[in-house]
Every structure is written in C-alpha cells, then in structure tokens.
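Chain IDs A, B, C, D and E follow the sequence of writing; residue 1 opens each chain.
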Amino acid sequence: MSALLDVQDLHAYYGKSHILHGVNFHINAGEIVSLLGRNGVGRSTTIKAIMGDVPPVGVVRFAGRDIAGMKPHQIARLGLGYVPENRDVFPSLTVRQNLLLGQKSARQAGRWSMQDMFRIFPRLEERADTPAGVMSGGEQQMLTICRTLMGDPDLVMIDEPTEGLAPMMVELVGNLLAEIASRGVAILLVEQKLTIALKISHRLYVMGHGRIVFEGSVADFNANASVRQEWLEV
Amino acid sequence: QETVKLGYIDPLSGGGASVGEVGLKHFQWLAEQVNARGGLNGKKLEVLAFDSKTNPQEAVIQAQKAIDAGARIITQGNASSVAAALSDFVTKYNERNPGKEVLYFNYAAIDDSLTNDKCSYWHFRWDASASVKMAAISNYLKNRPEVKKVYLINQDYSFGQSFRKLAAEMLKAKRPDIQIVGDELHPLLKVTDFSPYIAKIKASGADTVITGNWGQDIALLLKAGADAGLQSNWYTIYAGGVGGPTAIKQSGLADKVHDIVENDPNTAPEAAQAAESEFRKRFGASLWYPRAVNEIRFLESAVKETGSVDPKAIAQKLEGMTGGTFTGGKGAMRKDDHQFFQDMYLRSFGPLKPGQKFDEEGTGWGWTSKGKIAANDTIVPTTCEMERP
Amino acid sequence: MTGMRYLLCFAAVAVALLIAPVVFPSSVAITTMSLMGVMIIFALSYNMLLGQTGLLSFGHAVYYGLAGFCAAHAMNIIAAGKLPVPLPVIPLVGAAAGLFFGVIFGAVSTRRAGTVFAMISLGLGELVAAFALVLHTFFGGEDGISTNRTKLLAFFGYKFGPQIQVYYLIAFWCFVCIVLMYALTRTPFGRMCNAVRDNPERVEFIGYSTQRVRFQAFVLSAMFAGVAGALAAINFELMNLQSIGAAASGQVLLMSFVGGAGHFAGPVIGAIFVTFLQVSLSDITKAWMLYFGLMFIFIVMYAPGGMAGWLALHWPLLRNGRIVRLLPAYALAAVPMLGLALGGVMLIELAHHMLVQAASDGPQLSIFGIPMNGASPWPWLAALVLFAGGAFGVRAAWPRVADAWGRALAAPGTTKVNS
Amino acid sequence: MNPAIALRDVRKSFGPTEIIRGLNLTVNRGERHAVIGPNGAGKSTMFHLISGRLQASSGVIELKGEDITGLRPYEINRRGLSRSFQITNIFPKLSVYENLRCAVLWSLGYRYAFWRFVDRLKDANERAEEVLEMIGLTARRDTPAGVLAYADQRALEIGVTIAGGADVIMLDEPTAGMSHAETEQAVALIRKVSEGRTLIMVEHDMGVVFGLADRISVLVYGQIIASDTPQAIRANPAVREAYLGEEAPA
Amino acid sequence: MLELVTFSTLNGVLYGMLLFMMASGLTLIFSMMGVLNFAHASFYMIGAYFGFEISRHIGFWPGFIIAPLLVGVVGALIERYGLRRVHRYGHVAELLFTFGLAFVIEELVSMIWGKAPVDYRPPPSLDFVAFSLFGTTYPAYRIFMLATAVAMFVFLILVLRRTRVGLIIQAALTHPDMVAMLGHNVPRVFMMVFGVGAGLAGLAGVIAGPALVTQPSMAALLGPILFVVIVVGGLGSLGGAFVASLLIGLIQTFAVAINVSLADVIGPTAAGIFGELGRAPLAQIAPVLPYLLLVLVLILRPTGLFGTRES
C-alpha cells in the first residue's frame, strides 16, 4: 500500500536562510512516527512546510494527492492535523469555543467528540467556559492537542506536546497518543524528551543539518548508540 | 493679453455646495458676457473658483490663494460668517500691502453688521441687508390679520441670529398683537432630519413660520414640514433655493410660502426674462442672483468711467454710484456703508397662473409677486463709520 | 548616531528653514511654507502619541484648536490693553493652554490605552467641538474669533504684517519644537514611551506606571500642539471651529501616518507633503479630493511605513552604494508606472469633465495642456490603453524589482535599520 | 530577620472557581526556592498574586516583612521584587540593548526624567552592557527583540527580570522549551544572578529543580502540600503520587 | 404636550432605527474585524444613490433589493483588493485606508450625481399617510423604515447565533495562520463579513435616502455618531448597538423638543456656574449629548453598556 504521507526532497527557507536541505520520509496510515533531532535542526519547519505555513519546495503527497503549494486550510481539510509547538490557543475565546473551532464544519461528527476530550483531560471540562488565554501553560498545551483532534484528522503532526507539562501530565499525553493511534489516526511526533517517543513510536527518524540522518524502528535506534550521541546529545 | 481675475470664494463642497455651485455658474456666465462685450477696458474677465467649505478660516486661506493667483477682486456670498472673516481679511491685507489693494464684493451675505459695526471701505454688498428684507416682510404682515402665531426658526450663526432678532423687534413694532410662539436656532447646515423641529412647530400651534434658512436647511425644513403635513404660512428669504420648490409642491402649500428677493421672473422686463430663459436652458437652474448681474454691471461701468481696473479707483467710483438694475429699476451703492439699494419683490409660490412663463424645478408651480418695494422704501439707516484711505 | 551628527542634522534643518523663502520667494510659496511650519509642529506633537507611545488619538486637534483660541484672545487682550508683550512670545501662551487642557483631558483619557483611549479621544474631540458651537463668547460661534497680529507691540521694529515676517516667526518656533521633541525621544521618559507602546504590561514589572507614562506623553504632546495652534492663530488671525473639529484631528493623523509614524522625521515629511497637496492640488484639478483619497489609499497599501519608512528601506543601500543595483529594476518599473499614472489621470479628468462641466462648458478640455474632445472616443481609448498597459507592465516588472531587492539585501554588509 | 516573602492564607478565585485555596508559604532571604506542582495547580497565579498582576481575594502577602497586598505591580517592583513570565513577555520592537536599559532605568532613580539623555547615563549603560554580557546576547545587541530565536528570547526574559538588580527574583519556568544544552547555560546563568539574592522559581524540569533549589515547595490545587529540602521532597510519597509520578528525577 | 411627546418618541425611535441599520453593519466590521471603518457611512451613501438610480429606471422595489446587494459586492471587492492587503499592517493602516476610501467615494458620487441633492422619493405604493394624530400625519414610509430595521436586527441575531463566523474572525484576529491550519478559509470569511456589513449600510441608505436627503455630504454628517452607537452599546454586542441606537435617537429628538436650559432646571445660579452653557436651551446642546454619553460610558464602563471586551 502507498504511504499516507510521503515527503520527498523537501526544502524550506526563511527568507534567505536555507533550513531544510532535502528531507525524505513517509508515514503509513495508523502509524506513530517520531521525528527527533536537536533544537533548531528544522523539525518544526518540516511540519510547517508540510502544512503550507512555510512555502515548501519539493514533493509532499498526502493520501495520494500532491499538496505542496496548497493553502493551509485546504491541506487541513484533506485530513492533516497540526498541533503547533508554541500553544497557539485563541486567547479571547473560551475553551469550549476553541474546541468548536477545531471542527471544520459546524455540524460534523468525527472520531472525536467534545466528551472524549473532557474525559481524557477532565481539567478542560472544569475550565470549559474560561477564556483560553488565562489558562495555565499546561492546560493550554492540552487544549491545543484536543482542538486539533476535533477536526478529525487522519494524520496529526504534534510538535513538542509535553513542553511545560508536569511529569504526570507527560504520561497522560503518552497515553493519549496511544489512544489516538488506536483509533486509526497516524501520528508524526516531534519531541525533546526521548522517553515517550521511544515508548510509543513504531518508527523513528532523526534529523541533522536539515536532512534525515537516521531511519528505523525503536529497536534499531536503541541498537546503535552512535546516532544518539552524534545527533541528539550535546 | 492680460486678464482681470475675479476670485469666487464660496462653498463648492459640503452642505452649502448646492448654493455655491449655482453662484459660480452665475459669475462664469456673466464673465462670458462681459468678455463678449470686449471685456473690462479691453482686458478679459476671468473667474477663479475657490472652495470656502462655508468656513471662515478656510475662506481666508482661499482668499490668500486667490490673491496669490492674481485676483484683485474677490466675491462671495455664503455665508455671513465667512463674509465677516473675508471683510476683515481684505481690510487688513489692504492696509498691509499698499498699492496691492483688493476689493471684496459680497453678493449675498446679508447680516447687517457687515454694513454697520463691521463695515469696511473695501467691502461692497449687492444684496439687500437682512433688516431690509425683514422690514419688507413685516410691512407685508401689517395687513395680514390672519397671521396670529409666529414661529421663528433660524440657523445658529451671525445671520440667523440677527435675522431672528430683527423679526422679533419689527413684528413687535408693526404687529404687537402677533404672538411669537417659538424661537429656534439650529446648527448651520448640519441637521439631516427636521422632523423633531416640525413636531415642535406643530405643537406650538403656530400659523406662520418665519425663517432665514438657506441651502439644505430650507429644503429639508420644508420637506419635513411636508411629511408631517404642516399647513402653515411661510415667510422666507431662500425658499427658492435647490429643493425648496419641490418640497413646497410636495406639501401642497399653494401660495402659502413666501420669499423676498430683488426679482420676479414672471413680471420682469423682456431683457431680464430673455436672460432668465437662457440661463435656465444652459445651467438647468433659475437665475437666483440678479444681484450678481448688478454687481458685474456696476463693476463694468465703474471700469469704463475710470478707464482703469485698479481696485482703488474702482472703489472710489462705486461709492454712491447709481445705475439701472437687472429688473429695470434704479439701483444705488450708498456711500456711507457700501450697501446697494434696489427694488425688492415679495413673492409667493403656487400653481402657475395664466401668462406666467417660469415654473421652478419642473414642478409646474412658480413665483407670483405679492408686492414690489421700491428701492427708496427699502432704505434703512446705518451706523457705519468708515475709515477711508 | 553621535552627538556631532545631531548637531549637523539640526544645522541643516535650520539652514533649510532660513533659505527656503529665498529659494521660493513667490507669495504663494511663503503662505504655503508658513502653513507647513505650523503643521510640522502639529504632526510631530501628534506622533509623540501615535508613533512613540502607541496611542491612537482622534481628538488631537482639540489642544491645537483650544490653544489657538486662547492665543487669539490673548492677542486681542494684549492689543486692547497695550500690554508690553511682543507677538513672538504668543506661542508660549499656546503652549500653556495646550498644557492646561492636556492635563485636564489627559487625566480622563489616559487611564486606558488601545481602542478605549481612541474612542474617548474621539468622544472628547466631538464633545469640545460641539460645545464650541454653544459657547459663543469664547469661540465666536460659526464666525470664530478674529484678531490682528500687527496690533501688538513691535518686536525690534517688526510688526509682522507681511507674511514673510510671520514665516520666519513660525520657522523659528518650528525649529525650536523639532529640536525639543527630538531630544525628548532620547530621554529615559522617551524610551519608556516606546516600551509602553511595545508592551505596556511588562512596563509595570520594571517599575513604571504605564498610566503615568501615557499621561506625561499626552500632556507634553498637547503642549506642543498648543504651540502649533498659537502659530496658526497668528498666521490666519482667525480661529474657528474647523481648527478644533474631527477634520483637523483626522488630518494630523493622516500626516503622521503618511509621513511615517515609525520615524521621527516621518511626520515632518507628512506635514510638508500633505499641506502641499492640499494647497496646490485644488488649483491643478477640480477632482483633487479624488486624487487626494487615491493617493492615501495607495500609500497605505504600498508604503505602510509611510514615506519615511520607504526611504529608510533604501537608506542602508544608499550608504553602501548598493542602491545602484536597484536602479535598473526601478527604471524598468518606472515606465509602466508612469503609463499607469497618466492613464489614470486622463480617465479621471475625462470622466470629471464630461460628468461635471461638459453640460455647461461643452466637451472641450485640455489635460497636461493637451486639448482634447471628451465626446470623442479617442482620448478615452488612449487613456484606457495607457492605464491597462501600465497596469500590465507593472505586474510584469514587479518580480524584477523584488528580485533586485533580494540581491541587494542579501549581499553582505547591509545593516538593519531600526527607528 | 523576617523572610523575603511570606504568604498567609492567601485565596484567589476567578468567578465561582477558587484557584488559590488558603495558600501559606515562607521563603527565607538568600535561599533558592523552587515551586513545583501539577499543571493548573496555581503556580503562575501565585506568582501573579505576589507580583501584583492579580489581586488576592483574601489573605496577606509580605515582602521583606512589608505588607504588599493590593499594591500595583510597579509599586511592588520598586520595593525590590522582580519577576519573569512563563510566556515570554519582552519589548519586541526595541533592540535587545534597549530592553535591558529600560529595565534598569527606574532602579537607578531616573524615573520619568525628560530633561536628560539616556545615552549620557553612564551607570545605566554600564549596567545594561553588563547584563547583556551575562545573558550572552552581546552578538545580538541591536537586534529587535521580537526576531530573536525562542531560546534567546527566554534568555532576554531573564535578563530583563534581573537587570533592575532586585533582591527578590521570581522566574516562571525559565527553561521551558529549551534544549538540554541551552537549559544548562540557563541554569548556570540563574545560579550566577541569584548569588546573594532570593530566588523563587517554577519549573517542570526536575533536573533543574533538584540541581538548583535549596528548598522546594509543592503546590497542588492551590495549596502548598509540602515545603522542604530536595531530599525530603523526593522522598515524600504524597508528592510522588501527586506530581512526580514514575519519572525519577535526574 | 402629549402630542409633542408622542411624535418626539416616534421620531426618536425612527432616527434610532436608522442609526441602528448602519451601526449593525459597523458592529460586524468594527467589533469583529477590528477595522475602524470610517467609510461605513459612505457605503450608506452609495446605497442611497444606487437605490435612487435604480428607482429611476426600474422602480423603487427592485432598487430596494438590488442596491444593497450591489453595495455588498462593492464592499467585498474593496476588502478583497484593498483592505486585505492593508490588514497585516495593523489597525491604523486599515483605518486610514477607509479614510481615503471615504474621500474617494464622496468625490465619485458628487462627480456622477452632482453636489446638489437628488430627488429620491418614497415609492408611490408607500407614499400615503399611515395615520394622523392630533392633526399631525405620519407617513407610511416611516413605518416601513421601522419594520425593515427590526427585520434586519432579527436576521443578524439569527446569523450570528447559527454560524461560527464570529468565532472564526475573533480567533483569526490574533492567530490567522492557526485558524487556517484548522481548515477555515479566513480571507473568505473576512471578505464575506465586510461585504455583508457594507450591504447592510447600503440597505440603510436605500431606505433613508428618500426620507432624508440624498446628497454627497450625507455620509460625513452621520459618520462619527455611528462609532458612538457601537461603542456605547458595547463592542461586539448587537443588542447593545440596538439599545444604544434607540437611546441616542430618543435623546437627540427629545433634546430638540424640550425647551429647557440648565438655568430653568437649577435656577439662575446655573448661568453663574456654567456661563452661557447654563442659559443655552437644551435644543442647542443636543449635538453634544451623544458624545457626552460616549465619554461618560467609556470612563465608567469601558466595555460599553452591553459589551464584554474592551477592544
């Protein structure tokens, strides 16, 4: 079967600075894939390029369609979900309204209902009617993830979901990711903390110098320590 | 071949635009005729238009521009507030720039103070002053017993205020029995809906409204009156302005709306009527300002007689000058205050009577003269003490 | 910039002010330049709010106008009482008045920032304007308050009758105010204004009260507006409602933004440019309001940093001479642009003539001195071709320009500009 | 001598929900004090209450023995307390240098002065340079703060906080979103600037917390459930259960 | 007296409704998109002139339908090819854009239809007396205006309740990219909202034109008062705008109707304290009142009467 998301020789630029130098990778339906790498190597940029937030140069196919050059909202409507790293909640809207905006059309029943979200993060239900802007850092993080899920994507790209989360929460998020996958939604995970990445991922990619420098299963990754210290540690 | 430049400074935008535009047409038309007759002592008369936005300060700036552009005569009419500023400006300018004097011809701003306490040697007014017009109206009311309750509504600025004062005084003197049931001042050219005022007039039970309103303020006032079915008599100065006749017709106030001007097209002599028709054909508006015609006529002859276009000479000549007016009567520019005196007509508006030629705004209604006031009977005293150079 | 550099700049300004009347001696020019001087002060004072402190005000004319009226009254009183006060100090009266009203209204309005402040300023502006209509004795109603500058006691023999003398009086105060207002931006207070503009919340956590900063900025800017107002009174010898109303407030906002609120010099450029247009445009064409509006729309759309911002963009390139790399591209773009402009102007003029004048004056008109007949299709066709062709050309040329920019900037050694 | 900061039975509710529910905390002078706790426990809110951004519904807050309850942020800051924000909060259009210089002006007594030039204020400029050096942004001196990379902005956030030389410093998740390398630098910086001062810090990175803190308080559901030395906290089962979970601190 | 009160009320309500018809569009644009649209009154003017032009050729009723639509389209185009570009430069830029726009529109209108008022009349079908009280007649046309305004109010309430447009825009103001990446077509929503807002103003124009004057200065005369309405009512609150419109409408008319000055109320001392202000009859102070209201409300309750947020 052909991959759900297939990225070939992807380049990206910020103004003049060349960030991605030909990234190649793919994700199959229902798969959890982690994208590792040091800060500033270009993982977020990769995701943004796929979403069309940063103009992509190269081939990006999603569900068989070439989406490079499409507008972000078109791409999103094809079933590609994105959870940004810097918690872009809509501050003036309430938690509930934020979640509502996650849905692409007012009345659309997908894999996820608001109830599911509240079940997973009861905290959100407690705060459902407070403006998202005043929520705690961690709560905002939870909200961003849920908001994207409300759009019922077939693939979610999550950028550093555990940033600023308390250790307990980190585990919670780990479980959520598992649940997401269990509903047949593929995941592209960008993480600092290897812990959950290694725990839940089916496959791993490691980025360096704006390229993919390692691809393999968790086992392969653990097997060759050189990758780890060359590309991840300092 | 050099030209004599006439700076026309009046509202060409905003609420006064409708009046100002027509005024401009008058002077452009007159200039053509002068030039057709060989110009002012051989020189072409050219009209430069400047937008005063009915605002004194703006007008002063424009006057400066007109002068910078070479105009030595400026003319203006809307409104008295602006006129006061211009008169003051011109006076100062002339005293500061000897040898470069500028004349100011006022063709419509009729607040009395301009020819009394504020009078200036360089200012010449070709329209009858507010007191003249009010005197005519009040005299007419003397033998109109049906007028019992009068409502005054005027624009809140120099002219409106003095007109209102004059009305009160003169009525008191000539018809003490008349009761003034309302006395209103409203912002100048800012009111969009006069219904509240009409409601008030109705409530006051007035049978007659006297107003000096002009421009959109008279049109809208009459319109609102029509909407509310106000059936009172109107004594106005500017009901003939744009939109006025239409509104009157709408409210079916046959022969109830009056105005006081220096002409009655339907009884005017041949020449005047010919001019009237030509003007209407050409510009689609009535010839409102015969006084403008007089102004240019007198200018022309003053130039002819002095043989120069030097403002100073012209001014001297004009003082006390007499001559024929547009309507065939005699006109005189009084020396003491530079106020022009001419025959006036009190008219009322209604369905065209047999033999009447001119209707207004295609309403099929027109003006009928109720009485002519000979120039001599319009003369009012002045307190002007003029400093002559 | 070093202290020396400032001195040079200001010296240049001073010289420019001095010789301007020599370069443009016509009375039109001098009248215009006097007006510009007043407007420069007014616009700069406004930008203390908009550009420096991030306060959008719709009522700045209030301080300009009120001060103007006070100055006018002061002049009349002085003249009447033969008081030993020469004209050149009248602007101080204006400053005092501006300060006074700044304190009063500032206390009310600077409690808040953002939209609320903007709306309060709008309200106060209209409020004062409306009251002015009622209070006849002070504001003189529609007629306004007129005065006579020559009636004050002579100043070293100068009575300030002739416009030229007034020009130099204005120029003097203009210079003083420019220097002072520039100096202000370099003070701790000036810096805190910028901080408040950028992030009022954080300011409170480094020891400053945003309200106090806003208030102080407001009062000072009102004071300078007052100087401008007084000079206006001297220049026109007549103050009336127009100087207080929303129109004047809007105009000063326009000037600051079009000139470039992000740069100190912006409002100066804006004041000169806008005043020039207002004075001259109306003589050149009857449809000047139309051009006026279009011009602003254009600037807002294509030079959001205002004229100063646009210049600042080129400054570094100018410094390191890379500007030359742009010239070819610019030259290329200039041609179609010219076509576009010409076509546009022709269309407007033709339309205006046919719609407004033709009825009475016939279809003959002349554009740029070229006579043509608006009734015949040819001029229209020509205009359309020019316009469409120009538009197309610009579209085609634009990538080239952008590209040239890219290369010029990418080249090393180009320093970043910040206001 | 009285503690740097003391909160007594402080409460804060937003509408119906009470977020801070009778919070008591004492931070002694000169100690590095870490506050940990689940997300939404009220750590940032506590910071807001102490620094005057929010007003407590009830209770007393003291700074160096002085009651500061209900004072405006700038008044509290002038009394020697300075804080950073969890979500970066600097002056984006001003250059890095200006950011720092603005931060020192008040403490050097220049207040709202509009009669002297900033460039001539020797002490202010020296202090700014010094901090610039300290946070390692000398290279970016004239860059508008808004365009700095995330980590650099966090560094500047800390810089602005400490520039005024306040003797009580509060940092809200200073290292959030930083890489290990950056985190280590940050920790070093924090250690340096908190020399001889009082430091209160919220952190989720246990490495940092246990590396830096002299004492740790655990805030859960608006109450301090424990306030003790790192060892004791680590040992405390309640804390493990409420917060640390399985992950053993580094 | 009763007569005066009745008619002042009627007139006040009518004027209020007229204000509301425009304010409603402006609330959409200003309080949702944050655009201080100074050209809003200009759309109202275009509406009137379009209505006039159409009524000349095919009659009032077609104009009543078509003109607002046209204005809406014009608005949408302006958003698409002008405002959208300016949007990213911030509110002041947007504001000045609409500023210039107002200029251009006024000039174009007076170019095409002349400076003088045009003769735009109510349709014969509505040109009769609805009822007459105390000998004063009340034109049916004015009743029709009232009805339309109310209908408009209901329509808007429904639209805003049923759709998420409000949410999308509010979110997009701060995080446009994020909203887009959730699958919403932000630019289109903005264009639609602006179009609808303009269209509403247009409708107001079509209706008000015949009742008041249709002339190039009609926009400038109504401009600022609209901001008073929506700010006093509270940004983003349609109900607020509605109430505020009525409030100001009534205040304005009654101020004219009532013949008292401060002096009459608190005795001659007033003149002492307030000088002329004390002596001036309320009618003359009328223009001041809305702005007084605005300032007071903003100082005492910055969110406006029914508003929830400050900006």
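In the analysis below, contacts are C-beta pairs under 8 Å (C-beta built on N, C-alpha and C of every residue); 3 or more make two chains touch, one makes a residue touch a chain.
In this text, all values refer to a predicted model and were calculated from it rather than measured experimentally.
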{"item": "Reaching chain E from chain D through chains that touch each other, fewest steps", "value": "2"}
{"item": "Distance-maximising chain from chain D - centres being C-alpha averages", "value": "B"}
{"item": "Where chain A and chain C are represented by their mean Cα positions, the distance between them in whole Å", "value": "50"}
{"item": "Distance from chain C to chain B - Cα centre to Cα centre, in angstrom", "value": "38"}
{"item": "Distance from chain E to chain C - Cα centre to Cα centre, in angstrom", "value": "30"}
{"item": "Multi-partner residues of chain B (at least 2 other chains)", "value": "13, 156, 187"}
{"item": "Contacts with 2+ other chains: residues of chain D", "value": "none"}
{"item": "Residues of chain C engaged with two or more neighbouring chains", "value": "133, 289"}
{"item": "Residues of chain C touching chain D in the complex", "value": "183-184, 186-192, 194-195, 197-199, 201-209, 212-213, 216, 220, 416, 418"}
{"item": "Complex interface listing, chain E residues touching chain C", "value": "36, 82, 85-86, 89, 91-93, 95-97, 99-104, 106-108, 111-112, 114, 224, 227-228, 231, 235, 275-277, 280, 284-285, 287-288, 290-292, 294-295, 298-299, 302, 310-311"}
{"item": "Interface residues, chain C side, partner chain E - complex", "value": "50, 56, 108, 111-112, 114-116, 118-120, 122-124, 126-127, 130-131, 133-137, 246, 250, 253-254, 257-258, 261, 287, 289-290, 292-297, 300-301, 304, 351-352, 355-356"}
{"item": "Contact set on chain D toward chain C in their complex", "value": "51-53, 72-74, 77-78, 82-83, 85, 89-95, 98, 101-103, 105-107, 110-119, 121, 124, 142-144, 160, 163-164"}
{"item": "Interfacial residue positions of chain C with respect to chain B in the complex", "value": "26-28, 31, 35, 133, 141-144, 146, 148, 150, 161-162, 236-243, 279, 282-283, 289, 359-360"}
